[in-house]
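Below is one structure, written out as structure tokens; the observations come after it.
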Amino acid sequence: MPSTATHTVDAPHAADAPLIVMEDVNKWYGAYHALRDVNLSVRRGEKIVLCGPSGSGKSTLIRCINHLETIKSGRITVDGVRLDDSTRSVDAVRSEVGMVFQNFNLFPHMTVLQNCTLAPMRVRGVTVAAAEATAKRFLERVRIAEHAHKYPAQLSGGQQQRVAIARALCMEPKVMLFDEPTSALDPEMVKEVLDTMVSLARDGMTMVCVTHEMGFARQVADRVIFMADGQILEQADPESFFRHPTHPRARSFLGEILAHH
Amino acid sequence: QSLADIKSKGKLVVGIQGDNAPWGFVNTQGVQEGFDADIAKLFGKQLGLPVEFVPTAVANRIPALVTGRVDILFATMGMYPDRAKSIQFSKPYAANDIILVAAKGTAITTPADMKNFAIGVARSSAQDTAVTKVAPEGTTIRRFDDDAATIQALLSGQVQAVGANQFYPQRLNKSQPGAYERKLDFVRQYNGAGTRLGQKEWNETVNAFIDTIKANGELAKVYQTWMGFQPPEFPTSLEGIPFTVS
Amino acid sequence: MGTTFGLGELGFLIQGLKWTVLLAAIAFVGGGIGGLGVALARVSTSKPLRRITGGYIALFQGTPLLMQLFVIYYGLGLMGLMLPAWVAVAIAFTLHASAFLGEIWRGAIEALPKGQFEAARALGLHYVPRMRDVILPQALRIALPATIGFLVQLIKGTSLAAIVGFIELARAGQIVSNQTYAPLLVFTVVGALYFALCWPLSLYGSRIEGRIARATAR
Amino acid sequence: MGYTLDFSVVIDALPSLLWGCLATIGLAQSGMSLALVIGVAGVVARGSNQRWLRGLVIGFVELIRNTPFLVQIFFLFFALPHIGLTLNPTVTAILALGLNGGAYAIEIIRGGVQSIDKGQIEAGLALGLHKGQVFRMIVLKPALRAIYPSLTGQFIMLTLTSSICSAIAAYELTSVAQRIESDTFRSFEVYFTITGLYLAISWLMMTGFSVFSRRYFNYPTR
Amino acid sequence: MPSTATHTVDAPHAADAPLIVMEDVNKWYGAYHALRDVNLSVRRGEKIVLCGPSGSGKSTLIRCINHLETIKSGRITVDGVRLDDSTRSVDAVRSEVGMVFQNFNLFPHMTVLQNCTLAPMRVRGVTVAAAEATAKRFLERVRIAEHAHKYPAQLSGGQQQRVAIARALCMEPKVMLFDEPTSALDPEMVKEVLDTMVSLARDGMTMVCVTHEMGFARQVADRVIFMADGQILEQADPESFFRHPTHPRARSFLGEILAHH
């Protein structure tokens, strides 16, 4: 697959080259400057946790990576493919990037299995049988195979979110983006989803997660990135970030988050 | 209801057509005009009562009368035995020639030829009755709401011939001079005034009035005004249509 | 006898337009009052009340307005109730509009979040202040676009009052067309007049709709 | 009032009334199908980035929504022949019903599409599906479900509107009734009867719609 | 006011009598048994935190107290008034019980001030001037007086929830019920609402709170009640409850809640 997407290769496509590179990215919503000169590079297999106050641009950042938002200036490269607004580059990138949303966004009129087979069949042109076999494998993986023939509305939030993860995995992406995957869940369901994500991380998946689950960050993140006002203000490994946040805004943010726990 | 009731009410309420020039129509000043209106005004004058017109459409003439909304219909009512079961007709006071009109080149010489064409008529009109009766089985008959739509259908080619009354040809030839002609004559049909069944005295009053205007030349004057010709001979009886309450 | 379409005829059509507006206004006011009652009955806790109004709505939404006018106008006459034409027509249109507006407003009331009812009840508010102060102002605002849409339908629907002898716009058009024998021209003008009357309303309706959509999107 | 109701003429005419019902249902069905096609196509065109196309759709919708059906059907029947397109009354009626219903359907379906959570579309795009695929496979069905009541309500209205098609001599229930009335002069009986028949037709259609909806929208929602 | 509501007094109306008494309460939703033989008595000034897994009946329990739900069997008495479905008893109880919902449920078409004055004017028949004076006092109290003339949509979630608290307080209730008042809020806003609730608790208000904010429970609760499957399984002071939960379901619940914090 990747070989079809090499029409705008910028960097040597080697195994140690970064998987995602954002350079001087600026994003505006009308007059609002949502991302300011963002630079970020994600290695293969790296797990990144993105945090920061509401409105700081976390969602915007990860949505730019698979071109759900267009940027004003700067460059974004995913696995050697430069995102340049062309349909071909967008297609190439999207089929390598899986995304999981806060509100699951499962398709309500399709069963769990249909949710998982739709994209492989329509985008990759895989046969029904092959798509279903893959789907079952990943549903197994998120421990929800027995609900394959139910509709999303018949599942709990935690189960839905695990299906959403399986659906993204069925495209066998190189990187997974998570946008607050547990914040719409009841407290008891948070754990089952986090467990799934932890096991995914253990298997070596490259991940970029927006989340406020600090336990998760401690457990799996290689790097915690703190954003505010559309800028990356601090990056560090979790231990140092939680122990000694250097930026005052990061300190006060951590204070608020942890105060009532 | 008798003459006395109407006199005590102080006005004569007449059901009339509101959109069927030149028989009965409301002019652009909102005033009721036409042949029937003039006849009704003569009747009011004879009774010494002011006339109030209630414009009706073809479909609600009879309901307006039988529910008592009007005292009498001067509403271009063709006299048929079926209608005579619902209302009481007076003696005839007008005649109407029912004909078939088509473009000059249209090949219609006998009623049987109608089968090859779409024929338009105004629904429930005398033409409708005549065409329906004469046309061979299987003829396409299209029934429109009124004369204007029927004529428009002929002009725009949606039908090739129309069942018409004596006024159609001049209308059609006004928009396309010399293009249309009389193809077939169906019937001469008579119009009478309508009252509710069983109102003996009221029916007699109306008949007396019609006799009077026939005799004193008033009817001829009205005829000249609206049709440009003299009234024909009127029959003294029609099959299945009593002119008086028995 | 025959005339051509001129200023006099246009004036006559505009006379008809006045009746159209008046009829629609009567129907709208009558339907507004009746519709409120119907809507409240539909969301009430009384099952018979809900059933009866439900049947009433089904009847009036399931038959052509033309038939409703005819049956009420002449049906009342047949029952011996001789009303002036405009009263009969006003009754028919009021009944018609009450059914439609009642249904529109019921939908709006039910579309409100359940929390609004509960918060009002939890504050101890009784039925009348709960409806008057909390529920109806919100429901009517949601329902405004649909209400305006129905008003446009109603204006167009008054054309059917012609069958009971009203000379409103459509009927005036028919009359002029029968005098000028130019139905195409006449009905184009009639269409344009209806459009001139209805379009501003429609525009206003969709503007409000947009505003509500933007407000609820937040 | 000196008038007694006599339904015997209606009973005699029952077969032709029932044929009229079938004709009305046929007109309505064809009109609805056309309306649905126009509706979906119109929504797609309305969302295109071609300015003139959007303008055309908006203009069409406004024109239809703000003029009476009678004027529209007259126009099609009497004006089209002037540009060489003479359609028979039934075809004209279907076309008029389709265009009229289509204009309303565009607005309704558009509302349904807008009611779909933007996240659904984004999820589809993020999976690599194209815009058209997202519309067909993800948006359309839930959107139709969301607006199903208003769409079917509009279709019932369309069925009742078809009674106006008698004005261009199309064959349907009202024209049959008017024919019987002009033969028998039994206006009340005829109008009472067809009022009942229209009620039966709309009830039948509503039942059909809800059966269809239970079949087609068979997935649970919260 | 209470004197008008004594038509069904069951217990001596003394200052040390419990304010709320639930005896053998059973509630069904159709065939679903939502509350099973619930017994609960709340003293004047007591602060109770109710917790338990989703669907355990916490909301149902507090909604029964002010008759937003009707019960199948059992007795509920509030300040000596027995709730017996009669309009009089319901009115009497509702005007003594304030309630705050998860979704605020402010009236969007009224300003903050109008939200607060509506019920006192319509229910208690207070004059506009008096109602506004009271409203301003309580808006002051929740530190939001400067927004009195704004509409709810112009406020943040935390501000809206504080208005909702003030609105309930304006009826000068004897007890306040809270149903997950912070769970619809962004993390940074949780604190401002909890602070308001803490200060209310300090002033001696009787409170029954459904919440998963364990910090809050530790700080103010006199008693923590754990529910599951419509039953009260455990009651204890916060320290013992968090240290040594006795019931196994409470233990696993606490484990899940605290795991990722």
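Order of writing sets the labels: A, B, C, D and E. Residues in every chain begin at 1.
One rule holds in what follows: contacts are C-beta pairs under 8 Å (C-beta built on N, C-alpha and C of every residue); 3 or more make two chains touch, one makes a residue touch a chain.
Quick caveat, the model's predicted, so the values are computed rather than measured.
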| item | value |
| --- | --- |
| Between subunit C and subunit E, the fewest steps along chains that touch one another | 1 |
| Given subunit D and subunit E, the chains that contact each of them | A, C |
| Rounded Å distance, subunit A centre to subunit C centre (Cα mean) | 52 |
| Inter-centroid spacing, subunit E versus subunit A (mean Cα positions, whole Å) | 39 |
| Subunit C and subunit D, separation of their C-alpha mean positions in angstrom | 20 |
| Whole-Å gap separating subunit B and subunit E, where each centre is the average of the chain's CA atoms | 81 |
| Shared interface positions of subunit A, touching two or more other chains | none |
| Shared interface positions of subunit C, touching two or more other chains | 74, 77-78, 183-184 |
| Contacts with two or more other chains, residues of subunit D listed in rising order | 1, 3, 74, 78-79, 187-188 |
| Chain pairs that touch, as defined at the top of this document | A-D, A-E, B-C, B-D, C-D, C-E |
| Residue ranges of subunit D touching subunit A (in the complex, touch as defined) | 117, 119-120, 122-129, 133, 137-138, 141-142, 145, 217, 219-222 |
| Subunit E - residues contacting subunit C, complex | 66, 68, 91, 94-95, 97-99, 101, 103, 105-109, 118-119, 122-123, 153, 167-168, 171 |
| Of subunit A, residues touching subunit E in the complex | 53-54, 186-191, 194, 212-216, 256-257, 259-261 |
| Sites on subunit C touched by subunit B in the complex | 1-3, 8-9, 11-12, 15, 74, 77-78, 82, 85, 162-165, 167, 171, 174-179, 181, 183-184 |
| Residue ranges of subunit D in contact with subunit C within the complex | 1, 3, 5, 62-63, 65-72, 74-75, 78-79, 114, 153, 156, 160-161, 163-164, 174, 187-188, 191-192, 194-195, 198-199, 202-203, 206 |
